[in-house]
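Both complexes below contain subunit A, partnered by subunit B and then by subunit C.
The block that comes next holds the complex of A and B.
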């Protein structure tokens, strides 16, 4: 389990995360929702040690990331992070060379599923294909947790569809997924849990099914309550 | 260790094409310069040739006369500039530009100091690679020189004489091993300090620039102080050298310790 415990983060004089706490469990898809600039990406970066935090702690399977950086998490940022002059197959080779958790068969399977030509240069990829390749890089690691930052941002309809279908596939099954998005309608039906972040503070944290059953409200209803009162 | 070697290999491959182009330019420019200048010396000699006259005093040419020319030195200066640029480029290219590769590097599942050492090693390999190539070019360039310049005006020079301390080449490639280790030792320490400053800047941005400047000032103070103590306490030469080595080791260790902490705990993408 990823256990985020009261983390705070300050950039110069601005507090972007204020006492943020939530958990991500294996086998569940958790979505961190909020409008732009509410601290969603910063939260993911603190969990992956890409940005330090000021207070609180983050435990991955019970071990604080302050003590040991976890290799049981893969992170898919909202943009391509491999050098533009690299070919996709070279990016795969990079992952194979440096990550003991790299799963070559899964990568090949995902390449087939996404219909990607691995001889293309990273810099020549369309936004949709770059998003697909980023996902392949992240999902091909044998990790229990996958963090996805805005996987649907700025991509076309068909790429969105492909990516959306991934969430109900065996590539995701059994893993703890934490994704951020402000395009909630794309994934609402796939989510187990939703954490709503507003101005660096968690304002709601609920299981979608429970919310539907008990209060008859959808995720979008909850978002309206938060942002429109 | 395996990851370190793989990362060094990866780093080397990323700059390899530019480096190869610079080396190609060095070899071509220096060979052409030696050929053209040697030819002009030969022509000058042939135009004024009178049998029985002693030409050595007025027209004598050493190999170093040719290699101290602009055409020979400019590619060296260009390579030095490129390598100085590379000290910064090797870090900043990971953050700047379209794709932020720093994400991938900092997520690698091993100690981030491996990235630091891989970058430092690849830079040193490039530097020493240049030195080796320059030395290895001596036979080729000397052959061009001796085959063109007539024996009557030519004063032959060995490699050691060519690398005399009063030329830029002699400064870059000291023929004395103590001088070599001193200048390159200081150079390596300086690079480690700059790396630390870059990491400080990448971690704390503007505040990091201030911290970096303070760190550089402290390192300079520590190094200069080792000279001042040597003077004030009238220490023997050997004692002074030991003191300077100790100050350099202290700066290096401090630099590594700060970098280790910052790159593992404070760096930000």
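The block that comes next holds the complex of A and C.
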């Protein structure tokens, strides 16, 4: 379990995260939603140790990330991080050389699934294909947790469909998934749990099926209540 | 029949209802294998845990039978199959009657309307 416990973060004079607590469990898909600039990406970055936080703690399977940096989490950013002149297969080689958790067979399987030509250069990829490659890189690490920052942003319909299908595939099964998105309609039916962040504060945290059962509302209804009162 | 999810009711219950309708309509027959949990999740674009919950519910209601390591199958129990049909008819009827009562239509009027609607569809009503 990823246990985010009361983290706060200041950036210059602004508090960007205020006492944020939530958990991400294995075998569940949790979505952090909120309009732009509410702290979604910052939250992901604190969990992956890419940005420091001021108060609170984050435990990965019970161990504080302050004590030990966890390599049991993969992070799929919303932009390509590999150099443009690199070919995809060279990027895979790079991963193999530097990440002990790299799983070559899984990568090959994902390439097949995504229908990607590994001889293409990273810089020549369409937005949709770049997003697919980023996902292949992240999901091919043998990690229990995967963090995805805006996996649907700025890509075409068919790439979206393919990526949506990933969430019900064995590539995800058993892992703890945390994603951010502001395109909730893309994933509404795929989520186990929703955490709504507004202005650095968690305002709602619920299991979707339980919420539908008890309140008869959609996830978008919940979001509307937060932003439109 | 096309399966369209609404966003406000629990999805697992919508999945159970869909299977009941398909069984009542004869689209899915007794003893037929149903998709695996993951297959159905991908087909419907829904969470595999939700499908798991729907299948569990259908097992509890004895709609489907799962033997270890085999795909789940629709029950062949005639009693259960008849009950599905009965439940669906009853549910639709209750809903219809409630709507009619709300707009204060008498029983005779309702019967007239039902007859007319049946005739329009070319069905018999004796």
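Points to keep in mind about this one:
The working rule: the second predicted complex is superposed on the first by the 229 of 229 C-alpha atoms of A that agree within 3 Å, B and C clash if a C-alpha of one lies under 4 Å from a C-alpha of the other, contacts with A are read in each partner's own complex, and residues count from 1 in each chain.
Operating definition for what follows: contacts are C-beta pairs under 8 Å (C-beta built on N, C-alpha and C of every residue); 3 or more make two chains touch, one makes a residue touch a chain.
As the structure is a prediction and not an experimental result, all values here were calculated from the model.
In the three-chain model built by superposing on subunit A, subunit B and subunit C fit together without any clash. By the document's definition of touching, of the two partners only subunit B reaches A:122; subunit C does not. Judged by the touch definition given at the top, the superposed model places A:197 against neither subunit B nor subunit C.
When both complexes are overlaid on chain A, the residue A:169 reaches subunit C alone and has no touch with subunit B. Within the superposed three-chain model, A:188 lies in touch with subunit C and out of touch with subunit B [touch as defined at top]. Using the contact criterion defined above for the overlaid structures, shared-chain residue A:48 touches subunit B, although it does not reach subunit C. Using CA centres, the angle subtended at subunit A by subunit B and subunit C is 160 degrees, rounded to a multiple of 10.
Once the two complexes are overlaid on the shared chain, A:80 sits against subunit B while remaining clear of subunit C.
Once chain A of one complex is fitted onto chain A of the other, the partner contacts of A:16 are absent, as it touches neither subunit B nor subunit C.
Look at A:99: by the touch rule set out above, it reaches subunit B but stays clear of subunit C.
This overlay, made by fitting chain A, leaves subunit B and subunit C with a least C-alpha separation of 29 Å. With the contact threshold set out at the top, not one residue of subunit A is in contact with subunit B in one structure and with subunit C in the other.
The residues of subunit A lying in touch with subunit B in their complex are 45, 48-52, 69, 71, 75, 77, 79-84, 94, 97-101, 122-123. Across the interface of their complex, subunit A is touched by residues 3, 6-7, 10, 14, 97-104, 106-110, 264-269 of subunit B. Note for the complex: subunit A touches subunit C at residues 27-29, 164-165, 167-170, 173, 188-192, 208-209, 212-213, 216-221.
Only residues 5, 7-13, 38, 41-42, 44-50, 53 of subunit C touch subunit A when the two sit together in their complex.
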